[in-house]
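Shared chain: chain A. Partners: chain B in the first complex, chain C in the second.
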Partner chain A sequence: MTLRRTLTIAALLTPGLGLILVMVGSVFYIAVAQSFGYYNLSGDSAFSLDHWRDVLGSKQFGRSLGYSAYIAIISALGSIAIAYPLAIWMRKPFRGSLVVGSLLKAPLFVPGLVAAFLFLNVVAYHGVLNQFLMWTGLTDAPIRFQNDRNGFGVIFLQLWKNMPLALLLLTGAVQGISDEVVDAARDLGAGPLARFRKVIAPLTVQAMQAALIIIFIGAAGDFAFQVTAGPTNVQSMAQYMVFLKTSFGRWNQAAVVGVSLMGLALVGALGLAGLARLTLRGLKW
Partner chain B sequence: MASLAAKGISKVFEDGFQALTDIDLVVEPGEFVTLLGPSGCGKTTLLKTLAGFYDATTGTIEIGGTDVTAAPPEKRDTAMCFQSYALFPHLTVAENIDFGPRQAGVPKAERRDRLEGLLRQVDLEAHRDKLPNRLSGGQQQRVALARALAMRPAVVLFDEPLSNLDAKLREQVRREIRALQKEIGFTAIYVTHDQSEALAMSDRVVVMQGGRIDQVGRPEEIYARPETAFVADFIGAANLVPFEDMGGGRVKTPLGDLRAAVPPAGNATFICWRPEDVELVEAGAASENVIRGVVRDRAYQGAHTELHVATGDADLGLQRLHVAGAAPAEGAEVAFRLGADQIRFVRGALT
Partner chain C sequence: MVSLSDTAPVASRRPRRPAFRRFTISNVLIAILLLVCVIWLVVPFGMAVLWSLLDPSVRWEYPDVLPPALSFARWIEVWNTTSLPMALRNSYILAPTVAVTTLILASPTAYAFARYDFPGKGAAQVLTLLPLVIPGFVLAIFFSALIFSLGIYSRFLSILLAHSVLFLPYAIRLMTVAFSNVRLDLVDAARDLGASPWARFRVAYWPALAPGILASLIIVFIQSIEEFAVAFVVGAPNFTTIPSILYSYLGYNFVRPNAAVVSLVLVIPNVLLMLGLERLLKSANPAQTGVKG
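Let's turn to the complex of A and B:
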């Protein structure tokens, strides 16, 4: 490509791409700058590593980072694990498959916070689930499900909300594999598991990676589910960031957490995607 | 190599459509049998039933004397060559060919020998590390073939494997398939809707129509002694004329009274003769089985000239004649003779 052509294309892209880059870039820039002491809202603006030192040195930060990573990894992998069998099951249309498909995708249309409150109603101390368990006689007293320490409530909500997205991506990819290719694998002696490992998974790895990345990033930055249904002894990164800002007015420290969260999103998403590909290569045979 | 026997196979799909009715077919070890018939007659359905992709609604299938009616495809000693080739797009040529043996847990050394041997046999050694989408149609076809053969299957099932190739390549690959079959030795069931392919390749041809078998026989038998109007019409060109039996081989037809060497069976519906079976005679010749008409259309074909001749009965349509050497012009009056032993009787209706 000649320079002229390259420049022409760049110029044509500017109105759309340029705007996006400026918007995203400026936010990113301010967050990074703020974390190093600039744009200080409550004192002198000057370069400083103090905020990073303070935040990284705090025990709470480490716990938040670990917790958010844990929620994000389990949510991303769990969504894929549930979505794959469903996508394969719905590969070929059958009576009622349209209805089943729509029902499975319905959570995409329910706002997360609404879902979280519905969930609370079910698992609350005097909620539907406990009432039911006591009615059946399985338990004598209500059990504390709400805000459980392992974050299972949050993971459940993440899966509920994100699995449909993974399903959407994987269904398209799985349907793109021709019947004859799958039949050929069968004919050559591959049972259901071997067909998945050696044919279906490798041919849909890009959709799988896209789903992992999108879900990981979303779940790592979760605020709403964590605040409503999450454990009370640990904060998610987003929650911690807001906490630093609102409770103490520590904008610069909040910015440090924000930048770290972006870092987590990037590293985790790429890590998961890379892992998916490596695993498949290992599993090829 | 193994025999294959299908007995009383019928197939009704979930939507209630009956695609196969009462199929009986025995294929000997090492035999090359083609399933021939028009599109939609159930060839693929039969092949997929034999491979195990479809459950037969009734009937049994035996391979090498073992009943495999209930076995899934992965457990049957068959290998299929798909019409679309169905190569694994993410695997190289070598990996595609090695897929089956690896899956079956064949020892490494043996796998390598098979792979090298097959790559040589299908002439793809130079392309072993390419992905399928980098190959031409003919090469992809050969990979599909090698992949199926790598399983050392008792029976290889081909579903119109050449239909995506151009005419010249088709002829070449079809010779290669036949040569490989003789060299390696496998039982082959080969689906095609191309009658010349079927006649050229097969030990026996199975002609199918509407989910049933019409006739089974060696290519020469099928061509020379079609039993039904459908077979006569579908294989090669044939003139089919209704008749009235006068006894002793004498028949009354719209072409005139004719005498056949062999008298018709009770259920015969048409007399049938091939365009090349006629002999032009002098206009005045007074002899048995001479038919007169006017040339309506004439097409020079190189080895022969095809004439479409209108005879006395206008409703009958034009008769097709192949004439070697000098042929009469359009509009000329002609007389031609049918040998008594060239007149055959067929049953069934014209479709």
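Let's turn to the complex of A and C:
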């Protein structure tokens, strides 16, 4: 490659990729540096492990980390589990498939805060769900669904918002499998489950991994669903980080939580994606 | 005994399945799914519409299934007494600016990805996705530290910069596809026929680029309008956007009818734009616009 060509490509990449690298790199650097006592916005900056010691030693951090991991894992796996059968069912167009597909993917276009508000309306103490349950006689009195202690409301919202994304990715991948491959498996006596395990899942593993990674990272870093519909006895990592920064101005401790959240997102997303590949390879063999 | 089929005209003598067998499993599944979708979408949005139209003079409580009285009073009240008009103005000035800025920043990189082969191109394309894999609030909080240390005090400029970086991956991806669809044989033919650079752009580039440009503008516009983390952390309390207002109604001061109004103000234009985007993306079919020549 000539120097002129190299310079041309570098100049073209600078406003887009260059800006991304500078900005995201700076944000990452500031978070890591602040967690170790550097880059303080006020006061002296000096290397210190105290902030890590303080945060890692607090019970609240452990609970937040566990809670965010729990929400993210269930949301990622749940979205995939719901989306796969639907994607396989809609592999071939049928009468009404366009309408069904559009309706299923509609939550993708609804902002997270609006989704949370819609959910609160439905599950409110005197909301339509409780009215329906009492009308059918299933319950005598309204049930408190909002801010439940197990985070089921947040998981439901995550599934509502993220399942369409998984469906979008998986539908494309499943539709890419040629009929000959599926028919050959059927001719060789493979039932629906065997066809899924030995043909469809291995051939769509990349789409599944992409969906797992995107959903896991989004759910692990959730703030909006947690503060509106989540349990009040535990904070998500993002909520804990914002709380430390805004309530007490503890930038360094917020940075420790932020770096830990990035670590959780990275380890969890890659772990789930790797597990999916390993499992499917095992099934393939 | 003479059956009906014996007396029917020859053309309609094809054996017909009994009516009940036409209800295949697929049809039943569609019916169930449509019912679920109604519960999935119509009920929540219907509730939001009803709450936004609840007349302030009455209360909607158990056992009332529907509101006792409806009016547009809440809409008028929210418009006149809250900072919604200001938030709308901020959001609808910010989002188009972000969309245009992002398009300008993304286009050279997208052109390089579409037209040049170079070592590390795959890695470079993966690196453009970085803003999507950093949790939103981590990015927002430490971006606010960055702009504070850089001495940038304009909230508008700060959010503009953050949104542009956040949504660059979408614009780069869409524009890479658009630049790949420009047919080089058309460009060469136009040049051979003596077309000026502007004429070459209009004839050979624009038809392939237009759907990508419009799709990029729309998707970044929608993402910017909806974005909450940066707008909240960097903008609040001086620079409010629609999601910031909605958050204030969903937090400690939960005012359901007001939240319903703001939710609908936020979601309805986006749904309309998304429908437009879907049409655009369909029209941007590579089979129609040609492939890299």
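Observations on the structure shown:
The rule is simple: the second predicted complex is superposed on the first by the 268 of 285 C-alpha atoms of A that agree within 3 Å, B and C clash if a C-alpha of one lies under 4 Å from a C-alpha of the other, contacts with A are read in each partner's own complex, and residues count from 1 in each chain.
Throughout what follows, a residue touches a chain if its C-beta (ideal position, glycine included) is under 8 Å from a C-beta of that chain, and two chains touch if they have at least 3 such contacts.
Please read all numbers here as calculations on a predicted model, not as lab measurements.
Taking chain A as the reference chain, the count of touched residues is higher for C when chain B and chain C are set side by side. Looking at the shared chain after the overlay, A:Ala211 reaches neither chain B nor chain C. Residue contacts after overlaying the shared chain place A:Met23 against chain C, while chain B stays out of touching range.
In the superposed model, A:Val128 makes contact with chain C only, not with chain B. Shared-chain residue A:Val199: touches chain B; no touch with chain C. Contact with chain B, but none with chain C, is seen for A:Asp187 once the two complexes are overlaid on the shared chain.
In the superposition on chain A, A:Ala72 contacts neither chain B nor chain C. With both structures placed on the common chain, the touch criterion links A:Ile82 to neither chain B nor chain C.
In the superposed pair of complexes, A:Phe119 makes contact with chain C only, with no contact to chain B.
When both complexes are overlaid on chain A, the residue A:Ala254 reaches chain C alone and has no touch with chain B. Those residues of chain A that touch chain C in the shared complex are 1, 5-6, 8-9, 11-17, 19-21, 23-24, 26-28, 30-31, 34, 39, 41, 89, 94-96, 99-100, 103-104, 106-107, 109-114, 116-122, 126-128, 130-131, 142, 160, 213-214, 217, 220-221, 223-224, 227-228, 237-238, 241-242, 245, 251, 254-255, 258, 261-262, 265, 269. On the chain B side of its complex with chain A, the touching residues are 51, 53, 72-74, 78-80, 82-84, 86-90, 99-100, 102-104, 147-148, 151.
Those residues of chain C that touch chain A in the complex are listed here as 26, 29-30, 33-34, 37, 40-41, 43-45, 47-48, 51, 61-63, 65, 104-112, 116, 118-119, 124, 127-128, 130-139, 141-143, 145-146, 148-149, 161-162, 164-165, 168-169, 172, 222, 226, 228-229, 233, 243, 246-247, 250-251, 256, 259-260, 263, 266-267, 270-271, 274. On the side of chain A, the complex with chain B involves touching residues 178, 180-181, 183-191, 194, 198-199, 202-203, 285.
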